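Paired with chain B in one complex and with chain C in the other, chain A is shared by the two complexes that follow.
For the complex of A and B:
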């Protein structure tokens, strides 16, 4: 007769599953897993085929002009008509800003709204993951995705410029400037996108709200700049208006810091006053991080 | 039209803080006009350019997207549409009732603010009327198109965005033929016919634009109703 003590205490019915006795990943491991899961989800990897259509469609929309520009560079340089790329690297994000905005508007709700809707947050937070880790992982993943989206066409254009035989040193410096700009674009856009998306559990509302904020602010700012700058000839005021839209704000930082050509009707003020642009940019990034932390501190599970 | 459905849709679309968000958008449009007026002397041509760039190119499509999908997409999304569909009400009546709310919201929060912005910018009566008529045409077509789209697919918001922002602005500027299929150009054609000559240029003839506007309104409303008759509630992806 078997002894009752032979089976573990506290077990009602042992059906023979093996317990996991391997190493358990710490807090950092969970956050890393969440980061890579979000990054894959943003591009639709590991999801249904139709979830890949929009992200990769936007990647294609971003890449095709870069490829065309590279070919143009190679052909025209071969005929000795140009000695530098037709479009500066730093202007690329602004030229394709509609595609970037749509990508962010689709990606940010995908990253956070579904967790709210299907109440998966309690499952995450029952692990060693802290709430700030959740915010940081989501922010980092979305920012990485936007950066990849912006950096890929820049690299294509860079390779095209090298193939065309432009001065390699100048091209490398300009590429690095544009990549620094891309980091800022990624940080600002993903911060704003996630703050808006985290306020709604419905993906459709999130997409529409982010798009409204990004597209409307861009349209308003560029229209006002054109009106004030070109019609009334007040380029200084027109430059300051650029602070009020995420895209023109970061573009202003690029113009101020690297002295490159602006893509909006009016660039930021020169000298010390223009430093308002990087200050506001960093302020926006910090503010969105704090807002997200506050949002998830009180989130209803 | 069914008054109960109108009431419930209006509550879903405008209830709580949502009405304040829509009002804030409308206020933004008027605020821009005030700001422009304060900062610079605005000519009629400037006013027309500003209204085209902000209201027609961006505000109206986005607003139509919000109200058009907002009228029915949340109910389809969470499945509560079955309660409505199980009532002895014609599906066409359901669509028309929801559409009435969407168009009504567009008039209050988009068409009137556009006209108000035109007044603030110092435009003449015929220009104000012209932009009002154009905004009404565009708002109504966007509402019905995006309502139909949200019955057809669960990704209505994304497809609508791609149309409103990629097709109308990007494709339209490279492929002239695409402008014939641009709601914005139809609305501009209506505006241009009422406004003083030379103020607004449209790429579509007035007759064609009017025919397309009315045709899309009628056809999309009817088709939305008949698609709602055979709606299947798909599972989550």
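For the complex of A and C:
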């Protein structure tokens, strides 16, 4: 971003002060600029090379299994061994959840902690942007980043499935289901990640806290489900436990809404009771948005 | 249309009243806002930016009401905060380009304006380095650049000379003056140092404890207190008596007689013709055998006028204070 200007040799023109009479974007345009700036920043674009390591590392970690699975699909379908992908699209996010968690843990503090640490917010808020625009732009940018991270391997797998000659109609429907799930994963994870990151000005704390919340809740919930479900044989209770970790929560919504295979030891209850999963998911999204808004209403200027 | 106008502006926090019925009007040019720490300067600026709602009263900036029209107002205003607010890990160019976009400039215009503005505030090659390595003076310049980059109609500068050494102070004050003279942008600049503001301001507003103490042009401030220093060859005491007899207010400082121009014996404010009359009287009286050695006008610094000991209810400045200006 920072190439020195090419200056004509040896001549310095003092051009004096020039007023600006050009276009000025309204609030919406400014919020959009903040959104794209944050989205680029999350992936380390326009920043130092070391800022790109983790985001693109996680992109690679997400893509490699998808590429392998696609190759497997093509080869095995060629030998007539399978008629559908080895791994359903909707399970991909759950299988790669560790990489997703690391990505969110690094991206969320990148999006908000620095502005808090360096007290940069007055510089934003003394401009046309309102506090709520700032919150929305940051949330939308992080959610977009997480969605892109989840959607890219799904598309790779989809192309692999088409190349393998699986039924295109079925594959498209299943892909769309998984993309809908990815939207929910993105909304829930970015909301939780940003709320945690906005509480600390120290990026390291933010990373550690988000990792802990996402990874630990997943580990505890799936172990509990296994204990209650398999050891005690109570699959219904085991299913309900899935509400208590972001990953199993959204996975529950996919299972309930699309009737797909669950990736945790126990899926959500069937029928009306299972509707608790989408309701809680939407509740979490709304709550994290409200919490962030409240957090930024109080920011010291 | 005044650049800034407030009517009975009051801001109360749970435990303190930061502003108490502040009414003032600020026109074009460089205006100094002076007061001790905690006098309400920063609170006033936050209200004027629409970032903090007043408890009561109203305020307009450039004709926009601060309560209803915040976004429109802020697109025409620049703000340089008092405290450190710069990210350490980006270069000045990147930051200022980004903030220009945050003010609504399209990307290309933002790049061009950022480069121009950084040059105008005196940042050259170093603008490509991360801000974390800058000196305080350079950081203040970056803060100033981001306030100017979108070519606002007015800028609020909160303590721009904070933390600068004497040379840096002079350079910053020169820059502030240029913002109006060369760039045509009106300035509201705060400081707790009256002395440094009188050098660059057209108007000075003094607040204390959230109350307006005084608001007038710098010229008025100093003219109101101007004196003539008179030295005579012999009989200083006699000359003093003669001048007093001629209806002037005279005080003695060693062998120098100080004749008040600012306020005649009757206490009225004077204008330039009165000052001329005082000159004439002094000349005529002294010519009567005292032997004039030296006659020069002496202009008080505002700081002397605004001596804390004279600002009480009975002090000499109170008659021109809050009551007059609030009316």
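Going forward, the second predicted complex is superposed on the first by the 286 of 301 C-alpha atoms of A that agree within 3 Å, B and C clash if a C-alpha of one lies under 4 Å from a C-alpha of the other, contacts with A are read in each partner's own complex, and residues count from 1 in each chain.
As a working rule, contacts are C-beta pairs under 8 Å (C-beta built on N, C-alpha and C of every residue); 3 or more make two chains touch, one makes a residue touch a chain.
What you see is a predicted model, and the numbers here were worked out from it, not measured in a lab.
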{"item": "Partner chain in contact with A:75 - chain B first, chain C second, else both or neither", "value": "neither"}
{"item": "First, second, both or neither for A:19, with chain B first and chain C second", "value": "second"}
{"item": "First (chain B), second (chain C), both or neither touched by A:290", "value": "neither"}
{"item": "Partner chain(s) touched by A:127 [first = chain B, second = chain C, both, neither]", "value": "second"}
{"item": "Chain B versus chain C as contact partner of A:219, first or second or both or neither", "value": "first"}
{"item": "Touching partner for A:37 - first (chain B), second (chain C), both, neither", "value": "second"}
{"item": "Touched partner set for A:232, first chain B, second chain C, both or neither", "value": "first"}
{"item": "Shared contact residues on chain A - chain B and chain C", "value": "47-48"}
{"item": "Complex contacts: residues of chain A adjacent to chain B", "value": "47-48, 50-51, 54, 61, 98-99, 101-102, 105-106, 202-205, 207-208, 211-212, 215-216, 218-220, 222-224, 226-228, 231-232, 234, 237"}
{"item": "Residues of chain A that touch chain C when the two form their complex", "value": "1-2, 4-5, 15-20, 22-27, 29-30, 33-34, 37, 46-48, 114-115, 118-120, 122-130, 301"}
{"item": "Residue ranges of chain B in contact with chain A within the complex", "value": "25, 28, 32, 35-36, 39-43, 46, 49-50, 53-54, 57-59, 62, 65-66, 69-70, 73-74, 77, 155-158, 161-162, 165-166, 169-170, 237"}
{"item": "In the complex with chain A, residue positions of chain C that touch it", "value": "46, 49, 51-52, 70-72, 74-75, 77-79, 81, 83-91, 93-94, 98-99, 101-107, 109, 113, 115-116, 120, 125, 128, 146, 150-151, 182-184"}
